[in-house]
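Supplied in structure tokens, the structure appears directly below.
In order of appearance the chains are A, B, C and D, and numbering begins at 1 in each one.
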Amino acid sequence: MDDSLRELYQEVILDHSRHPRHFGPLEAATHEGEGHNPLCGDRVKIYLVVDDAGRIADIKFEGKGCAISQASASLMTDMIAGRTVAEAEKLMDGFLHMVKGEDAMDLVGDDRERLDIMAGVSAFPMRVKCATLAWHTMKSALEHGMAAKTT
Amino acid sequence: MDDSLRELYQEVILDHSRHPRHFGPLEAATHEGEGHNPLCGDRVKIYLVVDDAGRIADIKFEGKGCAISQASASLMTDMIAGRTVAEAEKLMDGFLHMVKGEDAMDLVGDDRERLDIMAGVSAFPMRVKCATLAWHTMKSALEHGMAAKTT
Amino acid sequence: MMAQTKLRAVDSFVPPRGDFEILSREIYGKPLVYLDSAASAQKPRQVLQAMTAFAESEYANVHRGVHYLSATATERYEGAREAVRRFLNAAQTDEIVFTKGGTEAINLVAASFLAPLIQPGDEIVLTVMEHHSNIVPWHFLRERQGAVLKWVDVRDDGSLDIEAFDAAIGPKTKLVAVAHMSNVLGTVAPLKEIVTRAHAKGVPVLADGCQGAVHETADVQDLDIDFYAITGHKLYGPTGIGALYGKRAHLKTMRPFNGGGEMIREVTQDLVTYADPPARFEAGTPPIIESVGLAAAIDYMAGFDRAAVKAHEASLLAAAREAVRPLNWLRVVGDAPGKGAILSFETEGMHAHDVATILDREGVAVRAGHHCAQPLMERFGTASTTRASFALYNTHADVEALVAALHKARKILG
Amino acid sequence: MMAQTKLRAVDSFVPPRGDFEILSREIYGKPLVYLDSAASAQKPRQVLQAMTAFAESEYANVHRGVHYLSATATERYEGAREAVRRFLNAAQTDEIVFTKGGTEAINLVAASFLAPLIQPGDEIVLTVMEHHSNIVPWHFLRERQGAVLKWVDVRDDGSLDIEAFDAAIGPKTKLVAVAHMSNVLGTVAPLKEIVTRAHAKGVPVLADGCQGAVHETADVQDLDIDFYAITGHKLYGPTGIGALYGKRAHLKTMRPFNGGGEMIREVTQDLVTYADPPARFEAGTPPIIESVGLAAAIDYMAGFDRAAVKAHEASLLAAAREAVRPLNWLRVVGDAPGKGAILSFETEGMHAHDVATILDREGVAVRAGHHCAQPLMERFGTASTTRASFALYNTHADVEALVAALHKARKILG
């Protein structure tokens, strides 16, 4: 089997996509965003609770999509819960660089290791959007608060 | 000099175009038509007086255009004055066949000889419209009476 | 398996693969298996050569020119119009309007024919299997002028119910707009019957022939249809060109589409008058080189027995259909009788994008997504399908490669 | 004669005639002298080969596809957008919208930007030297929405008066639409100054760059212009493609143009939402192969020192201008300082069509007629002119052939 395929669809990714963490609605959300992949029509919703200290106290997601987008959303929610908004955005920058096959120097230690399972996407340019959808949606939710709900 | 050019711009044609016969308005017209060559923006106006017997008692034309269109209009008015509408239309059919390089069997005798000076146009497909403009305008004037004035 | 063997035996058509340079290339070291012709067909060398030869020896802008090359180019361009007329069996050449594609052809009808007729509450009848190109132009008329879209459903097998059509056409209906052949289901609409029913109520019919013109025969006179849209790049022709057939009586009364050179009779500072059809609808320099390519593509298709091509494509579809029938993790969407050679399906637990990615690494090019037919996806309760579509150059080996790759996808993702 | 010799001496540019197969052909046994590039330019083999090579090895429909060829084709298509961005020095790639040509680019601005803003009595400022493509779309807004067209005159030498512009722009002006370079006069508009004056009054400016982009440099950021339209076939590129530059802030607020695939975000039976620019304005399958050709054409032009090309064209124009100066039966229309390499003229007692026909038999291809600029013809009191236009492949021998053929025409018709 093709190495890049094996890397793309490694067990951890399939597991995340089949059993997504943090899946479901979040009634108490202070921020919400809806993202849409024009390539396939897939959609993702991100719910966040940001506390007064600028910490992401809770995060969940909903949506249907391909293995890559589901795994990416699941992994993201798993990693971002508990961080500050600034930390989340920094993590996102690193992730975006990584899946585009660019230098992701600001990704270090444990973060790098956990996100590394998504690095195989960089060999599949048409699938990068699938991997980044949840992240972009998270960012736009943080920026627009509850207003992003309707976009 | 190119033979077909010499035939196209033979002396009779240049003479017609420089000194058009039947040029000018016709106050008493019973039929009028205005024709337009989209290729160059040239325009021709045909005025006709058709009597009760269906005879073209008088015909004149106005307009500016290339040597071919002017000569053709001049020649046409010269030849059509005095004929019946049916005869004029028959002459036109013959002329149209001729300038397209098709069989013009219904053109005979004197008519064939006089119109023959326009036959050279058939070697210049882009100029056929110049040669036929006056004739088409005449026909549409006969069909639409004074209404064709505004087309 | 029995059925497949039998079908293959009656298929005597030999796909002209040598005409398509691209079909001999490899993708990730595997031979290309191109099953995405419904999105766009590959172009035979005859088409590409005709375009290049024309550009190298006879090119100039068309119309309005007196010089030799301009005359030649105009002849070729108008000759292409005649080729399209023949292809669709239109009564007259001036019923053929060149456009930039099928989408623009439909927009032309929406803007120049229908928009001036629409009063709030007027209805447009269309089907749930339409491509966005035959939906969004009508949504414009809804948004901007208060038109009401009336949707005709398809049955669960993807077939159309002519009685449902009839029921949808009412006193306020101003147009029926329907795909000749669906780009997802392969369903072929009973166009002639639809036209008869619509005309009985005085309603004109537009067919989106972007797929139908490729795989079915479109005889616009026999159909007595009002408008028929085609696109060059699916007809083994170039991108950048399409055509609209419109009945002369309609075209004559329609207002212009874009404004510019060629489409006018006269322009002054204060007013403008318009040329007769088809020039009225062809503002600006048209796709001249592309028209030569389209004519070459039509000629190319005419070089084959179209019934044999159709039988060949049908045998590919049947073989693929039979091969996936035993797979309990795969659901075919669209099984209408007499359907064209398009196989769309859902795969349990496997998203279409993931399937397509894995197929791609096997050299098998299929499309995954909503195929610009979101209302149809909604109708079948999904967001996307995987679609394999067949053209005259495909082979039974292509079908086998598709099936093998599907099994592989199942192994990886399932 | 002195002037001509001097000009020729400084012209060190060597026209790349070998790249243009068509230039070596004969017309009626005479070498082709192609002086009709303002109508459409010939295409170098680099452009034709790029298109064929792409179609033979990398073609598929763009966007939405997951498979390899679709990815490649998308990359090429988006790469062409980047090439246009660079060519016009736009700040961002998504400010470039592909169209079918220059005419459609202007219609897009009329329909999607201006139409929704126009109230009866609102004014559009344009010049008498505009091409019909930059006139008729505004006439539509007059006919349909009561817009008022305000015409800026040219001086007798064809030059534009910036004060006249300023005077024409008033509180009701909604847009200034002006050709960067006139296709008849060769006049180059003082775009930057026009933009400054218009912006001072809060009025956006559209430039029709169909000629200007070929012969002048268009830097949309430096000009700070709102919209700039180009067409591929005059840029030594293919037919069937053009582009609109639009400032991002404008494009974002504009409503869609045609409706169809690719331009939507979501379509349901009841509503539709639209994609972001530039996709919002690119309904349907775009001119994919043509985009590759356009990028190749831009690359081709970039291979030359553009200042040298411009100087070369200027020297051809100057030589032609000097050669006809002594002819008392010939009147040049358009003598503005700094004008581009287009020579239009009237000939006493000889209609332009007759002149062009005779030139054609000498192998000299020129255009005769109103050049889709009837208001300009009206302004100069004529119905048509003969026009010789120069491109990078023309030579001083071409100029000599033109002049010799003109003398011949005089002998036959004079």
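Please note the rule applied: contacts are C-beta pairs under 8 Å (C-beta built on N, C-alpha and C of every residue); 3 or more make two chains touch, one makes a residue touch a chain.
Remember, predicted model here, so these are calculated numbers, not experimental data.
Taking each chain's centre as the mean of its C-alpha atoms, the one that lies farthest from the centre of chain C is B.
For this pair, chain B with chain C, the centres built from the Cα atoms lie 46 Å apart.
Between chain A and chain C the centroid-to-centroid distance comes to 38 Å (mean Cα coordinates, whole Å). Distance from the chain A centre to the chain B centre is 78 Å, each centre being the mean of its Cα atoms.
Residue positions 39-41, 126-127 of chain B are each in touch with at least two other chains. Each of the following residues of chain C touches two or more other chains: 28, 64-67, 70, 266, 353, 357, 368-369, 374. Chains that are in contact with each other form these pairs: A-C, A-D, B-C, B-D, C-D.
For chain B in complex with chain D, the residues that touch the partner chain are 1-2, 4-5, 8-9, 14, 18, 39-43, 64-68, 124, 126-127, 130. Against chain B, in their complex, chain D makes its touches with residues 28, 349-354, 357-358, 361, 368-370, 374, 377, 383-384, 408, 412-413. Residue ranges of chain C in contact with chain D, taken from their complex: 21-22, 25, 27-28, 32, 34, 36, 39-40, 42-43, 45, 48, 51-52, 55-61, 64-70, 100-104, 106-107, 110, 128, 131-133, 135-137, 139-140, 143, 149, 151, 231, 233, 238-241, 256, 258-264, 266-272, 283-290, 353, 356-357, 359-360, 364-369, 372, 374-375, 378. For chain C in complex with chain B, the residues that touch the partner chain are 63-67, 70-71, 74-75, 265-266, 275, 279.
Per the touch definition, chain B reaches chain C in the complex via residues 36, 38-41, 125-127.
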